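Listed next: structures, encoded as C-alpha cells.
Okay, so chain A shows up in both of these, paired with chain B first and chain C after.
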Partner chain A sequence: MTGVEQMVSFSSSEELLRVEHLKVDFRTEGGVVHAVDDVSYSLRRGEVLAVVGESGSGKSVSAMTLMGLTRARNADISGTATLSDGTELIAASERQLRRIRGRRISMIFQDPMSALTPVYRVGDQIAEQIRTHERVSRSAAHDRAVELLRRVGIPKPADRARAYPHEFSGGMRQRVMIAMALSCSPEILIADEPTTALDVTIQAQILNEIEELRIETGVGVMLITHDLGVVAEVADRVVVMYAGRVVEQADLRELFKDPMHPYTWGLLGSIPRIDRDRPHRLPTIAGSPPSLLDPPKGCHFITRCPHRMPRCTNEPDLVATSGVPSHLDRCVLTLEQKRDLRIVDGAIGLPAELPALPTNEESA
Partner chain B sequence: MSASTEPTADTGAPLLEFDHVSVRFPVRSGAVGRVIGQVHAVDDVTLTLREGETLGLVGESGCGKTTLARTMVRLTPATEGTLRYRGQDVTAISGKQLRGFRRNVQMVFQDPQASLNPRKRVGQIVGAGLQLRKGDPHARTTSVRELLTQVGLQREHANRYPHEFSGGQRQRIGIARALAADPTLIVLDEPVSALDVSVQAQVVNLLDDLQDNLGLSYVFVAHDLSVVRHVSDRIAVMYLGKIVEVSPAEALYARPKHPYTVSLLDAVPIPDPDARTDRRKVAPGELPNPIDPPAGCRFHTRCRFATDICREIEPPLAEFADGHLAACHHPLNVTDAELANATRSDTSPKSSGAELTLSPAEPHAVE
Partner chain C sequence: MYLLIFALKRLAAAIVVLFAVSVLTFLIFFAIPNGNPALRLAGRTATPADIHNVEVAYGFNKPIYVQYVRTMKQIFTGQIQSYTQHLSVFSQIKRGLPATLSVAIGAAIVWMLIGIALGVIGALRAGKATDVAVSTVSFLGISSPSFVVGFILLDLFVYKTHIFPQVGYVPITKDPVSWFTHMILPWFSMAFLYIGIYAQVLRSSVLDAMTTDAVRTARAKGLSPTKVMIKHVLRVSLIPIVSLWGLDFAGALAGTTLVIEVVFNLQGVGQYAYQAIGALDVPPILVITILGAFFVVLMNAIVDILYAVLDPRIRAGKG
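For the complex of A and B:
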C-alpha cells in the first residue's frame, strides 16, 4: 500500500472537513421530515470524531449527505461541507462527487453483506475501485488488493481475494469493507455503525484495526454509533445528536467527565455497566424520540427531559457553558444547575420523574 | 430479580431440566441432498432452571444459544437427551399435551419487526395467546386491553397495526403476547439487542416489574455480558454448543473462571475514557466451524492458556463453591485450595474427561 509509507508525519490540527449549517429536509406525504437541522462540525487529520445518537437522530443522514447519497427529488439540502482544498460537497456536481467518493472520502456501513456485490470475488471488487480512481494495470491493482487484505488482518490474503463475500464471516466481511475503503488512501473514512452487527469479541478486533489505521495513515475517521462504550474506546471528540440537532459537542474526556446536556446524562446513565455495582433498576430516559415530521417547539428534548421548564419552549443556542471553548451544548440550565442536577444516586443520569410539560403540549 | 426478594438458585424447585440434550442439524450437499456432515448446534447440555429464577444464556453468534432457547419451547426438537418440565418428560409430547406445555412456556423473539404479523391488529396478535386460555370472546377483549396496560402501552393500541409502533413498543407487544397465555416461564431471545440504549433500559425494567408482580421465570438470551447482568440470578456461558461456565450472576463478574468468559468480559466496551480496555487481551480469531469442532477443549484454538491436555481431553465441568461450574483444565481466579476441593459435576458432557485434571493457568501467546 503506497499511501502508508508516504504518510510519515502529519499535523494533528489540520482540518480535513468543515460542515456548516447543514440542513436536510425530506418532503413526504405526511409532511416535511426535518432529518438534519442546522448541524455544524469539523474533522481533523488523524482524529476519530464520534457522532452519537439514537435511531432517527439524523446521524447517518448527515454523513450520507456529505457523500451525496441523500440527493433525491424530495430532498432539500442546504449548508456547506468543505474539504481541506476548498472543494465544497453539497453544491458539487455528480461528476465531481464521483471523483471524491472512494478516493478522498470512503464509507463503511453497518451491514457489509449488502454493501458488497455477491457475484464478484472480493479481490476483484477492491481492484475495481482502485482502477476507477487510478491508472494502474489489472495485475498491479490485484496485488494491491491482496496487500490491503493482508493489512486488515485477513489470513491467507492471496487465497481469500479469490473468494466471494458469502464465504466470509461477518467480521471478515467488515475487514474486506475496510480494505476497500482504504484502497485509494482516502483522507476521510466515514464508518456508519461499523461494529453494531458484530459480536463483542469481533467488535474489539475491528476497533483495534480502525485505531491502528488512523495512527499509521493519518486518516480522519467519522464514527457514527449509538454506543457510548465504543465511543469511549476510540474517539477523540464527540458530537451528540438528538432529533436532527447537535445537542452537545466536546472532547472525549470533557463529554464523559463533565457532560452538559440532559440528553447526554440520560444516555450515559442508561448504559448497563459491568465495571460498577449493579443498580436495583436501570436508569432510563422516559418516553421515546419525537417525530421529525413535527418536532416539539424549542428544545427538541423537552418531551423527555425531567429538568424542563417554561423557558425550554424557546430554542436554546449551541453555546460553550462549561468554560471550555470547544465544549458546546444546547441547554438553558446554568452551569451550577447542570453540575448539580446531573448527579442521580451518585452517578450521572436522569431522575425517573417527568414533571408536567410547561406548555399545553401533550406528552408522548 | 433483586437478590433479596427472589428465591435463591438453591431453594426453588426445578422448573425446566435439560438432561444431556443435543441438537444436531444435518448438512446436505449435491442434487440428492446427501448428508455430508452435522452441525453440533447444542452438544450435550445439562442445565436446570428453577422456579422464579432468571437464567442468562450468553455466547457469540453461532454458539447455540438461540437453538437451546428454541429447544426450551419445543420449537426445535432435541436430537438426543431429555427435556423435563416440572419433572415431566416433555421431549416428545405432541398435540394437546404440547399445547398445554406451551401455555406454560412462552417465547419473545429478537426482532420485533419479523415476529409480529404485519397484517393483524395488535388486539388480534395479543388475543392469539389468550386463545390458549379458556373463556368467552368478550373477556378476551378486556384481557387484551389489560395486557397492553400491563406492558406500558395504551388500551386503544389494540386497534392498530405493528408498523405504527416504534421498536421498543413492538417488543412490548411481543411481551404482551407471551403474557397472554399466562405462562410460568418466558424465554427471551435477545429481547433488547435491536433497541436503542435508552429504550433497552425501559424494556429491561418492564421485565423486572412483570417478574416481581407475576412471579415469572425467565431465560434471557444475550450475545454479550452487559445487559444480562441486570436481569439474571444465574448465568450460563456457551461456546460452540457447549456450556463452558455456569455461575451465580455476580460471581461471574467478580471471579470469572473460564478464559472464554474473561475474554467476553474484556470485550465489553466501558463507557469511561479512563478505562479503555486492553483489546489485545480479547480472544483473537473467530468461532471455529461447528461442523468440525476442535478436539479436546473447543476453545483451545483461541485460548491464551491452552496446553497439550486442552488439545486432547475435553474438560469436564468442575464444580467450585456456590455451584460455580467451569469447563476448563486451567481455571482462572481460583486459589490452590479451591483447585484441590473442586469436584467433577454430574452435569459434565458424557464425552468429557472422567477425572478432573485441574492445574493453574499460565498465559502464553496464541499463534
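For the complex of A and C:
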C-alpha cells in the first residue's frame, strides 16, 4: 500500500497552508527587485488553488519561497507561511525545510524535459526521494516507484522504471514528475505551470491526473499558471497576481462571473471566443508589466489601466467589495462602476484606449 | 553489433594515423641538415670511404621508400636497434617504461583530484575571495610551462631546503616509500598546468549545472546539499572532465613526460627519446613517436566508450 490511495475523510475547509504578508526582495546591481510584495493566501485540503498572472508577477517566486528555494544571500524574505501543524516555513532552518520538501510539500515544474537528472533511471530518481524521507529498503522503494508510475498511468511501469528520462515523451515525463512528487504522500502539491510545455491533448490528460489525485488523496494543489483555460477546468479558487501583488482572489465561479479588478477583466477579455465574431485584432492588455525594480506608486496596474484616476496613486487595500466575503480585490472603483465599466462590447474586457496618466498635482 | 562497427572504424582510423605519423617522422630526418645517420654510425674519425661503406651496409643509399619499408619491417619484428648505441630499441623502452608510467599516471591522478577539488570549491564560493584565489592559482598553472615549475620546485625543495631527496628514479618494487618521495615533485610539476585547466573547466560546468531545472528538482525533493552536489551536479558536470582527462593523459604520457623526465633525471622513455633526438638517432624516435601516437588513438577510443557509459543520452544501442 503506497499511502497514496487513502480516501478523503476530513472537512474540506481544513487549512493546509496559510501564507501571510509574504515579501520577497532581491538585491541586484540595478537595485532592489520587489518580486513578491505583501502576498497572503491560504490553501485548503483537497482544493485546487490557482495562482494566475503574467511572467514576472511573482507567482512562481512566492511558491518557490515556500519551499525555501529562493533563499540566497541577496534575497530578503519576510512574512509567514504556516502549515496545518503550525510549522512556519519562512523562518524554518534549512534542515527543517529539507524534511518538508518532497515529504509534506512537493513541487512539479514547467519543463518536464529538463526537470529530471539525465543520467539516472527514472525509477531510481523516484526511489531516491522515498529513501530520503523514509527508512525503507532499496527494493521496497523501487517497488513503490513502480507502483507510483502505474498510478499515474505509465504503461508497463516495471520496464519504464528502468528507462532514462530522455526515453520518455514530454507528457510521460511530466507523469514521472507527478509520480515522484506524490511518492511521499505530501499534503501540498505545488504545480508550477505543469502543462505549459505540453501539447494541448496531453495538457488535458495531465490536468485530469492532478484532478483525480486531488480527489483520491486529498492533496491540496497550488496550481501556478498563466492560462485561464486551465484555471477554468480545474481550479476551485483563484488568486490573481500582478507585479508582485495579489489583485483579486475569489472562488472560481465568482471570479469568472463577477470579476472585480480591471486586470482580471483584461485577462478574461483576452481569451479568444469562438461563439462571437472574430475581432480584427485579438484583445490584449495595452502596455507591459511595470519593472519590479521601480514599481509605480499606488496601484501597480496604474500604468496599463484604462479606468485609472488620480486616487489610484494611493495603494488600494485588498478588500471584499462584491458582497461575497471570500471575494477580495484591490481596486478603488465602486461596485457599480466596476459592474458597469467591465462590460466592453457586451462581454467582460478592457477598452483599448488608455487615458493620460494622473499626475501628482491632480491627486493633490 | 554497434560496438563491433565502432571498434572496426576506430581500428581503421588508427592505422591511417599511425601510418601518417611514421611517414612524417621518418621524412623529417631526411629534411633536417646533417641528418645522415651514416655520419654517426661510422664514428667520429671516419673517412668518407668509411661513411660510404656504412651507407651501403645500412641501405642509406637506397630510395627513401625502400628505407622506410625496411625500417618498418624492423620495427614490427622487434629487431630495430639504435644507430648510436646499437641496443635494441624495445628493450631500452621497456627499461624506461616504469619511470614514465609512474610520472604520467601519478600526475594524472594528482591533477584530476586537485582539479576537481579546486573546481568545486571555486564554484561553491563563486565570487568570494576563495574563488578568486582558486582562479589565480589556476591561471598561474595554465601559464607556467612544466619545466619552469619543475626547476622552481627543484630549487625550493631539493637544493634549498632538502625536503625531498635528490632527483632520479627509484623503482616502486625496490622501495615504495622512496619511489613516492622521488615522484612527488615530478607529479606536481606536470600536474600544475592541468590542475589549472581542470579547476576552471569544472568550476564553470558546476556553476552551469547548479542552475538547471534538474538540480532544482533535486533540491525540491528534500535532498541534502551534499547529495545534490555529488549525485546531481558533479555526476553530470564530470562527464566532460572525464573525457578531457583521457585525452590529456594520453597527451601528457606521449609528450610532457619527456620534459619532466629530463628535468628530474628519471631515465624514462621520455629521456631516452630526448637523448635520441639530440643524437639524431632515428630508430628510437620513430618507435617512441609511433607508440605515443598509438596510445593517443587508443585513449580516444576508450574515452568514446567511457562517454557512452557515463551518459545514457548518447548510448546508441537502442532500437
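As a convention for this text, the second predicted complex is superposed on the first by the 349 of 364 C-alpha atoms of A that agree within 3 Å, B and C clash if a C-alpha of one lies under 4 Å from a C-alpha of the other, contacts with A are read in each partner's own complex, and residues count from 1 in each chain.
FYI, a residue touches a chain if its C-beta (ideal position, glycine included) is under 8 Å from a C-beta of that chain, and two chains touch if they have at least 3 such contacts.
Keep in mind that this is a model prediction, so the values were computed, not measured.
A.B. asks: Mind checking chain B and chain C on superposed chain A, clash or fit?
C.D. replies: Taken together on chain A, chain C would fit alongside chain B, as the superposition shows.
A.B. asks: Is A:Thr132 touching the first partner chain B, the second partner chain C, both, or neither of them?
C.D. replies: So A:Thr132 only meets chain C here.
A.B. asks: For A:Ala72, is the partner it touches chain B (first), chain C (second), both, or none of the two (neither)?
C.D. replies: A:Ala72: touches no partner chain.
A.B. asks: Once the two structures are placed together by chain A, how many degrees is the angle at chain A between chain B and chain C, based on Cα centres and rounded to a multiple of 10?
C.D. replies: An angle of 70 degrees, rounded.
A.B. asks: Tell me which partner A:Val324 touches in the superposition: chain B (first), chain C (second), both or neither.
C.D. replies: A:Val324 sits against neither chain B nor chain C.
A.B. asks: Just checking: does A:Gly266 make contact with chain B only, chain C only, both, or neither of them? Give me first, second, both or neither.
C.D. replies: In the superposition, A:Gly266 touches chain B alone.
A.B. asks: Which one hits more chain A residues, chain B or chain C?
C.D. replies: For chain A, the partner with the higher number of touched residues is B.
A.B. asks: When the two structures are overlaid on chain A, which partner does A:Ile285 contact: first (chain B), second (chain C), both, or neither?
C.D. replies: Only chain B is touched by A:Ile285; chain C is not.
A.B. asks: Please indicate which partner A:Leu207 is in contact with in the superposed arrangement: first for chain B, second for chain C, both, or neither.
C.D. replies: A:Leu207 contacts chain B only, not chain C.
A.B. asks: Given the touch rule stated above, what does A:Leu116 touch, chain B (first), chain C (second), both, or neither?
C.D. replies: Second partner only.
A.B. asks: Chain B to chain C: minimum CA distance in the overlay, Å?
C.D. replies: Superposition on chain A places chain B and chain C at a least C-alpha distance of 5 Å.
A.B. asks: Enumerate the residues of chain A that count as touching chain B in its complex and touching chain C in the other.
C.D. replies: In the superposed arrangement, which is not itself an observed complex, chain A uses no residue for both chain B and chain C.
A.B. asks: Quick one: which bits of chain C touch chain A in the complex? Just the residue numbers, please.
C.D. replies: Touch list, chain C to chain A: 212-224, 227, 231-232, 235-236, 239, 310-313, 318.
A.B. asks: Can you list the chain A residues touching chain B in their complex?
C.D. replies: 54-55, 169-172, 199-205, 207-208, 226-233, 252-253, 256-257, 266-268, 270-275, 278-285, 288
A.B. asks: What residues of chain A sit close enough to touch chain C in their complex?
C.D. replies: 67, 69, 98-103, 106-107, 109, 111, 114-120, 128-129, 132-133, 164, 166-167, 177, 180
A.B. asks: Could you pull out which chain B residues touch chain A in their complex?
C.D. replies: Answer in residue numbers: 2, 60-61, 166-169, 196-202, 204-205, 208, 223-227, 229-230, 250, 253, 263-273, 275-277, 279-280, 282-284, 286-287.
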